[in-house]
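Chain naming follows the written order as A, B, C and D, and within any one chain the residues start at number 1.
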Amino acid sequence: MILQIPLIEQITPKAGQMFNLAILILAGVLVYVAYSLAKQGRTWTIRPMEALDAIQEGIGRAAEMGRPVLMFPGIGNLQNPQTMAGLTMLGEITERGVKVNVPVNTIPSATEIVTASESIVRDAYSRAGKPELYELGKYVKWFGTDQFVYAVGGAGYILAEKPAMVVFLGYFLADVLVTGEAGSRVGALQIGGTADQSAVSLMALCCDYILMGEEIYAVTAAITEDKYQIATIAGEDWIKALLLVLMVAGVLLTAAGLKSVISFMWW
Amino acid sequence: MISIDPWVWLSAILTMCSFSLLYGDNKFFRFAEHTFTAVVIGHNVVMGFFTLRDRFYLLFTGQKLLLIVPLILGIMVIFMIWRKYAWLAAIPMAIMIGVSQGIIVRALVTTDVMGNVKAVISEGASIFVGNPADGVGTLIRVAFTITAVFYFLFTFAFKSTTSRPLEYFRTFGKYVLLIFIGIYVGNQSMQNSMLATSAINRLVRNWLGFG
Amino acid sequence: MSTMDSVSRFIRTRITRIVIVITLLSAVAGYFFSSPELNALNTELNLWNMNIITFTLFIGLITIYFSYSKSVSQRTTNWPFRLYALVLIAVWIVMGLYSGLYSDMYQTAFLSTKITLHIAILGQLIFFYLSAMYRTFRVKTLRTGILVIFALAMVVLNSPITLSNWSAADQISYWLLNNPGMGGARAVVLASGVGGMILAIRIFMGLEKSALRAAGG
Amino acid sequence: MKLPELQARQVWAIVLIGYLIPAFIPLGMSPVISSATQNIYDTIQSLPPGSIVMCGGGGVFAFDLESSAGLIAALKQMSKLNVKVVFYPMWIETMQFSKYCVDSARVDEKFGGPWKYGRDYVILPYIPGNEVGLVSFLNDVKKTVSTDYAGTPISQLPIMDGLNSYKDIDVWICAQWDGVTILRYVTGEYGIKVLWFAQSSAYSAFGSYMQVYPGKIYITNGALGGAQYEKLNAMKGLGHAALDSNVVFTLLFIGFLVLGNITMLYGEKNGNKKVKT
């Protein structure tokens, strides 16, 4: 029945389409190769990042001061890769916090992230060996769905509870300034990470450490120490290295007037 | 002349309640916050009803009975909020994830990734041609793009003496990103400034009647 | 393990994988290959997807209802506000359904409440921005120095006083935006693009289970 | 004497006073036209009568207010050119935003303007699914939407007779935050020219797309671009008000920057924050 729909004419600008598809397929192959290598025991290390060390430090600091840690996974929904990175980070921080008796709270925005956060926090408590400490609604605070409602609730929470560390990791927009400013007022160590350009510049204003763009995926892979996650980051690097080689060679060739050599890119 | 329109008064009171956050957390602010949440949710639901009417128009008029499938799947997705029945939402979620990821990935590879790579390569041709100021600009743009992408290589370590210069290259990439953020912060401030004006003008002009 | 459990597990693990592979492939292949069948399948799936998404608009209502009514019945902090919100939601829905989305009344009510409040919150950003900037923009290291110089340049060049008194200011600000600024911006777009691409590949290969695991409990 | 650190509230009090001044006493600043804005004006001006212009994207009303300055002026311009405009609401507030712009531009006949609903412009209902909805719409308009915002079947709207797929669209105007989605699909996959009245944050983040599809995408820079567009159409609106506030902002920015650095050098030793990446 579906297939009886009449023909829809094909798309106009097709130049370079086959090459683009080849790159997409190659990316898939490289990720798969990295994954298989990881299965056979190959490991990679992600370069040291100050923000990652700061997170570890911040948990220690919170334990010394006897204050909680707050983590924001952003305003995205489940389809947003940045939110997924934030949720992974939430699980890891919670697990590390539970081990040193630091409560880690989180304030999500989208409703499905509330559900997801609860299951991730519960899971983290079990992994840390203290499942009895977990309570529904105790660590996941929710103030409403809208972009600013959650931020304002978060700001109020920060001013009341004075967390020792605030971590922003996920998809944010201008709302980060409301919570970030509150965090600065209570003197919290703030770590911000997002792949959205508008929020990253605002994070630069209020956070002590920032993670830009793709760094958020690398940092979550690094903190989990999961070899398959890290392997896919390696596969990603191979593709980027290939694109870099293409760009450098391409720029040199076109600058020398030899664009025809790389005309295959426009097939 | 101060306004006599009740809506303008409502708007002015809500604006002041909201601005009271600058003083600190207080009841007026909470009133504004809850009004905000309620209207957002109310608007969502009203929008939902009318959208359902428009989206399933062909089903209700009997022109396309196949639409019964997404109707059922749509109802299943609501079960996402109850943990016990959340699995019912798995299939519609899978459709949403699959379709949107598929559509996104094809645009990402075409525009964001290869589009930009090809733009960088094409710009190579204009570095030594034409106005020197533009040529320098193009050179800077191309070089900055390449070094900043280089910064995003995470698993490559450049520790040996031969590969050491590449580490400087990466550091340079970090400064490129800082320059971008600086320019961004400066340009974006225009937007925040305009929004403050808009909120304050509502009070001073629409409500109090000045200007 | 009950039958229900095994059915739900089967749906969560197997069926969803298959559905994702089919839908993702149809969207990608429908674009790269000129096949009318694939394209038709893709269009139909797109329509389904749009219709399913409409239902998510109601999820907020249900969650807010449970959460707020619990807060009201247990008399937690700020519960009178929650009660007020629940009443306002009901009033708003009745008003909206009665007047229609595009009526002047709905528009006025919407502008005077939601939009006013949103603008007011966004309008406070410049306050937070300036106080954060006062604290942060202290030239101590090369890093902050770079940030401050470029931000200052953009602010001064975009200022109407500069623009109307110095004709080159407009060109310089666009030069900064379009050359050094765009270099970094483009790298972020490109690298995030690769990240997004790899994520889709991971989902396709079934290596990224978290999205569905979170939904399936 | 040591300079004390200003508290956040003290900073905010100064900022509030600063912004109240132009609200009471307008400074009356006027913009200088940039070539980026002029390009958009010329593109619209050269549209032949009867062209179909799509107008839409995804965004949040309050945030898109910055772009409304340019869009309102453009609607006014288009109402004199006899082009047809179809509004495409992609996020749930976009329909309200479209109504706000149409009403503010005073182009409808109920405000004495030349436009008649259904003949000169149409507002579609909210179309869910973002990019998915957009792709579906561009492929086949009639399958994707069956009614307008009020539930009227599109067969009863004269404009929609001539709009069946992407081939019938001459230009796409976007005045919303999520212009990137429009660029990726409308220009990237279907080769349609896009004019984007972008917020200043959108310009600095996504200007690079102009290089990917040269000559197909034009972007204005935020409130400044909006004010320029208003000037091109001989009107004064939010864009001009934003210019006044920009003057105040520049002075506040420089003042606090200098004060902050002096405090660092000669003040009490605390509150120093650094940025690390």
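We take it that a residue touches a chain if its C-beta (ideal position, glycine included) is under 8 Å from a C-beta of that chain, and two chains touch if they have at least 3 such contacts.
A quick note: this is a predicted structure, and the numbers were derived from the prediction, not measured.
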{"item": "Shortest walk length in steps over touching chains, chain B through to chain C", "value": "1"}
{"item": "Intersection of the contact lists for chain A and chain D", "value": "B, C"}
{"item": "Most widely separated chain from chain A, with each centre as the mean of CA atoms", "value": "D"}
{"item": "Central chain (by mean CA position)", "value": "B"}
{"item": "Rounded Å distance, chain C centre to chain D centre (Cα mean)", "value": "17"}
{"item": "Centre-of-Cα separation between chain D and chain B, whole angstrom", "value": "14"}
{"item": "Touching two or more other chains - residues of chain C", "value": "28, 31-32, 39, 43-44, 46-47, 49-51, 53-54, 57, 59-60, 63-64, 100-101, 110-111, 114, 118-119, 121-122, 124-127, 129, 131, 133, 135-136, 143, 147-148, 152, 155, 158, 177-178, 181-182, 185-186, 188-192, 194, 196-197, 199, 201, 204, 211, 215, 217"}
{"item": "Per-residue overlap in chain A, given as positions that touch at least 2 other chains", "value": "2, 8, 11, 17, 21, 24, 78-79, 111-112, 115, 119, 144-145, 148, 152, 174, 181, 184, 197-198, 202, 204-205, 212-214, 240, 243"}
{"item": "Residues of chain D touching at least two other chains", "value": "8, 12, 16, 19, 60, 62-63, 65, 92, 128-129, 132, 135, 139-140, 149, 188-189, 201, 203-205, 208, 211, 221, 224, 244, 246, 249, 253, 273-277"}
{"item": "Chain-level touch network, classified as line, ring, star, complete or other", "value": "complete"}
{"item": "In the complex, chain A residues that touch chain B", "value": "1-2, 16-17, 19-21, 23-24, 44-47, 78-79, 111-112, 115, 119, 144-146, 148-149, 152-153, 155-156, 159-160, 174, 197-198, 200-202, 204-205, 212-215, 218, 230, 233-234, 237, 240-241, 243-244, 246-248, 250-255, 257, 259, 262, 265-266"}
{"item": "List of chain A residues in touch with chain C within their complex", "value": "2-8, 10-11, 17-18, 21, 24, 27-28, 31-32, 35, 78-79, 81, 84, 87-88, 111-112, 114-116, 119-120, 142, 144-145, 148, 152, 174, 177-178, 180-181, 184, 195, 197, 202, 204-206, 212-214, 217, 228, 232, 235-236, 239-240, 243"}
{"item": "Residues of chain D that touch chain B when the two form their complex", "value": "9, 12, 16, 19-20, 22-26, 62, 65-66, 92-93, 125-126, 128-132, 135, 145-147, 149, 151, 153, 183-185, 188-189, 199-201, 203-205, 208-209, 211-213, 221-224, 238, 241-242, 244-246, 248-249, 253, 277"}
{"item": "Interface residues, chain B side, partner chain C - complex", "value": "7-8, 10-11, 14-15, 18-19, 21-22, 30-52, 55-56, 66-67, 69-71, 73-75, 77-78, 80-81, 83-84, 86-87, 89-106, 108-109, 111-113, 116-117, 119-120, 133, 137-138, 140-149, 151-152, 173, 175-187, 189-190, 192-193, 195-200, 202"}
{"item": "Interface residues, chain D side, partner chain A - complex", "value": "8, 60, 63, 139-140, 165-167, 188-191, 201, 204-205, 273-277"}
